[in-house]
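Below are two complexes that have chain A in common, paired first with chain B and then with chain C.
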Partner chain A sequence: MLRVAKSFRDGAGFDTMLVAFALGYLVLFSGFPLVYNLVMSFQSVDLFSLASFDRPFVGLDNYYDVLSRPEAWGIFLNTVKFVGISVAAQLAIGFALALFFQQDFPGSTWLRGLFLAGWIMPALVVGAVWSWILAGDFGVLNHLLMSFGLLEDRVFWLSDPDVALYSVIIANIWLGVPFNMILLSVGLAGIPADIYEAAEMDGANGVQRFFTITLPMMRAQLGAVISLGVIFTLQQFDLFAALTQGGPSNASNVFQYWSWQLSFQHYEIGVGSVISVLMILFVILVAAVYVRSTRHEHVA
Partner chain B sequence: MDLKSVVLASSGLVAMATGALADQVELDLWTIDDPGEYHYVMADEFMAKHPDIKINVRTVQFEDMVNDLARGVATGDAPDITYIDNPEVALFASRDLLLDLRPYIEKSEIVDADDIFPGPLASVTYEGGIFGIPRGANTIALYYNADMFREAGLDPDDPPSTWDELYEAAKALTKPQENVYGLAFSAVATEEGTFQFLPWLQMTGGDYDTVNTEGAVRTLKLWKAFIDEGLASPDTLIRGQWDSTGTFNAGTAAMSISGPWELPRMSSEAKFDFRAALLPVPEEGAERASALGEGDNVILASTDNPDEAFLFLEFLYANMDRVWNDFGYLPASEVEVKDPKYPEIYAVFAESMKYARNRGPHPEWPRISQAIQAAIQSTLTGQSSPEEALEAAQTRIDKVLK
Partner chain C sequence: MMKKYGLLAVALCLSGIYLFPLYWMYITALKTGTEIFANPPTFWPENPQWAVAEVWTRLKMDVYLRNSLLIASGVTVIVAICGTGCAYVLARIRNRWMDVVLFTVLMMQVLPSSLMITPIFVAFNQVGLNEVPRTAVILAQAAKVLPLYIVLCRATFVQVPRELEEAALVDGNSRIGAFLSIMVPLARNGILVTSVLIFLQSFGEYVYSRSLITQRALQPATVGLQSFMGPNTSDWSGVMTYSAIYVTPVLIIFVLLQRQIVSGLTSGALK
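Moving on to the complex of A and B:
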């Protein structure tokens, strides 16, 4: 008896308990919905059978159904573009700003803090603000561009099928830059200053120092920022709801929004689940990369 | 009063209250109204007349109603009475979730199904049963800015009555340098887009089950011309009716296709002579059609108190004449509306109501509607020709209908 109690105080019992808690939490709040979602993707589910168990299995029918729809390929490409461009631009701008604020000029920390204002705003609010900026007939952006003579005619940012997706991307980049900047600033601050001093004494110029010291030392941070960026971008839903609703004609639709539309607007919940299963698979892949890159950090 | 008598008096009150509660029937009512609007007002009046019935009113967002009801039904937590949009009646009726009111109506001295306008009545009829009573009705017509008509040299007493006239008027009224569009309507990829499109299709002989028609092609070509030629804003593709009529009220669109629900806002925002006309027809003498909106009061099959619930529906029906004057909906049956606000506009909508036709009804309505929206959007964005887009829509609709 005493042994068991002791083991709970500091021993294998205590460790097991901690692990059990974490595992239990994971199974209940992550594992169960995941499996439930996976099961639904193989069933014929609608609104009224959602809470019952009377749902016939249909094999891969849902997968075939949704992937053979004419809009599927375009929406897939949009998702790739949305994630690719957003993450690349957020990283580039975020990194540039982090390097800039690393220069320690007066007021740099204060200014850096100001950037976070955009990040803490709810995406739906950001979406509403951007929808005023991007509005076609009376939008702020069109007004500015036209009064500076940069534009002849109004651009219909949200209703022109060639532009709509990029409008959402612009808003999303704006939303994601502060997060990238802060994480990368932390990484930059962690690089010992004497390495730079030594390199400078050896005659390395700024560009050489960036490529031989900064980049390699930032590998772990960059890996983490990229994989988190991909995951956050794949989760981005509110901006689509606020700006274009995936339109016009799916020109700005992406998988995450489509999945919601299928499930909760068209009540094709089985088919909507298929999309989320595909996205989960992809996110697991990205998460693996993230875990690898943080593990790397511990070793270093 | 000393302490003892206070205690005695309050325990007496408690006893009275519990006594009253014991034989009081409680009904749960879900609505899309906010406190102070239709269902709340009517429930209060009803409770004042029937102290033995208590109605618990709860507001549910319009977009969430179907989801919340489905969840409520699944968990046994559904209300007794609820309000649903008219295309959803078939969905719920087909799952045996709604009480068939036909036997109650046949016994009723207040509700007579023959008095309800055919469109609203058809929207609550499913396989021979009557599953709801329309709370009111809605439809669309053409609002126009008579001041702009005069400025452009058009006769405000002779609004466009055919599609060609509408197109010519829109052209004459468009002033790009002043940011004024000729026409505002909604082609958004939601139920509202379907709602605006169907009357055009129905006027040319098509309907939700036959969309690959000449008439539908003509409609989409005309709609595309409106947008491509700058007579309507490109944002028509992403704007709902409320927003598009907002541009009319602000004076940046000379005409707007929308419904009577806009009138309260229009009367306060629009600083010009606004009027309404029937929706233009394809050509002189063609069949008329108009959209049918507004929802229905239904009783769920799971209710424990169907008689009291029906009593409340009868009370609502008996007050049908107030829906226009007090609440801004058109009545769903012939009633005497004494001194309507905006008598001319009321006359237009009342006339339009005669041609109002259903969306569906079909239990899979959302999927049919979505196929139609896809055809509208892919044509207007130039991704496919109207013929191809409508053919694709027809294929999808056939799959749902079979």
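Moving on to the complex of A and C:
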């Protein structure tokens, strides 16, 4: 007993306790549900067996069931499109803005920080505001595009199956640009100025400097921003809830929203768990690559 | 000189374009019911009206916002208590075990709420936590944001010089004494800013609340807004006024702490 007290006073005991406290919480409320999710994906779980612990195991039935549904393929493609287009556009716009705000002019840091106002807002409110901007009849976006002559006729952004997914993508890009920009700005600030000066002396123009200095020096940063972008985009749920609710007829549905719909609107909880398991596995894979790459950079 | 102001002008334009949705929210909130559906839309309200009081009472915003505050405060308290010590240890000690812990924490950070909610709902249901839905949301959301808190706070503790703590230990302080009287006060700013960030994140939490809280009187402002929007909303003035009331405090806190939030994010997110 005395030894424990002594270790707590000036040894590893104190550190262990602090870490164990936080880790215990995470294991209980994140780790356990993670494992439980896996278990449920092999069980038949519905509204009636929800509260009981005795549920029949059905092997891979849930997996076959959900992946052979006719809508599964379309929703999978939507998820890929949603992540691919969002991440690419956030990166391109974020990078361009980061480069721009890197210039020396009064108020640059402050104005750049202002962009984070979008990022800090509750995503559901962002969705509400965008659904008003994108509204077909009275939406301001339609009006602006038509008055600039970019659009012949109104687009029903949220109810047209061909564009509904892109509407959510637009809102998601808006939401994600500031974070990309800030992280890339940090990388740009870390490139020593004398490299640019030397290149300028050697007669390299702006474009050449960008491709020979900026891009190679930013490689690690870009990798981090891309993997974080993929992770955050796969987490996006609130915008779907506020904008299209996956509709019309799954035209804008993605896996993370579908999983929730299956569990909480259709009460097919076992099937919903299957989607969760598949998605979480993918997210963890991306995160592992990201963590490994940043750690590598840390040591070097 | 001219070039600098030219750049400033472009920067103002870019910020203006980016922040247009916020402007549109406030402007719509100020418009009257008929002006909202005017064609072409007006970019400046003709006879601005503050419908704040009316929307506040009609949509029972006091109830929703109180629940949001309650949930966000609960999450912040739990996270600060559980996370600060862990962040400190992770900043101080580097060995194989701490690498494993850090890796685990980073992995926990990426779990999407919308995919964790199913097992959480079923497990909470089995142990009876769904009877106290707000507490259930607080517990779940705290687990969601705890890793982010640890990562950002760790970056703050890394910056506190080790020698100060060692000096305190030589002077006869216990570990816990040195931690509480030296380390925590020195890392105070970082801890505060991170806590505010966690608070704001939880203030806008949606998935867990929507799934775990069925009673209207216990729901937070996000769920309130969603339930009131509906698929065929025509009360856009109400929706935008609601949104404006909801996010204005968030935006004020953000503008006040902008510099600290940006530096906190950048120091933590990439390491």
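The working rule: the second predicted complex is superposed on the first by the 266 of 300 C-alpha atoms of A that agree within 3 Å, B and C clash if a C-alpha of one lies under 4 Å from a C-alpha of the other, contacts with A are read in each partner's own complex, and residues count from 1 in each chain.
To be clear about the criterion, a residue touches a chain if its C-beta (ideal position, glycine included) is under 8 Å from a C-beta of that chain, and two chains touch if they have at least 3 such contacts.
Remember, predicted model here, so these are calculated numbers, not experimental data.
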Contacts of A:120 with chain B and chain C, given as first, second, both or neither: second
Partner chain in contact with A:222 - chain B first, chain C second, else both or neither: neither
More chain A residues in contact - chain B or chain C: C
Touched partner set for A:264, first chain B, second chain C, both or neither: both
Partner chain in contact with A:72 - chain B first, chain C second, else both or neither: neither
Touched partner set for A:32, first chain B, second chain C, both or neither: second
Contacts of A:188 with chain B and chain C, given as first, second, both or neither: neither
Touched partner set for A:204, first chain B, second chain C, both or neither: neither
Chain A residues contacted in one complex by chain B, in the other by chain C: 50-51, 135, 137, 245, 264
Contacting residues of chain B [partner chain A, same complex]: 66-67, 70-71, 73-75, 95, 97, 179, 188-190, 233-238, 247, 252, 366-367, 370, 374, 377-378, 380-383, 392
In the complex, chain A residues that touch chain B: 47-48, 50-52, 70-71, 135-137, 156, 158-161, 244-251, 264-268
Chain A partner contacts - residues on chain C that touch it in the complex: 4-5, 7-8, 10-12, 14-15, 18-19, 21-22, 24-25, 28, 36-37, 39-41, 78, 82-83, 85-86, 88-90, 92-93, 98, 101, 103-123, 125-126, 139-140, 142-144, 146-147, 150, 169, 174-176, 179, 200, 203-207, 210-211, 222, 225-226, 229, 231, 236, 239-240, 243, 246-247, 250-251, 254-255, 258-259, 261-262, 265-266, 269-271
Touch list for chain A against partner chain C, complex: 8-11, 14-15, 17-19, 21-23, 25-26, 28-34, 36-37, 40, 45, 50-51, 53, 97, 100-101, 103-108, 110-111, 113-118, 120-126, 128-133, 135, 137-138, 140, 143, 147, 174, 177, 179, 182-183, 185-186, 221, 224, 228, 231, 234-235, 237-238, 241-242, 245, 256-257, 259-260, 263-264, 269, 272-273, 275-276, 279-280, 283-284, 286-288, 291, 294, 298
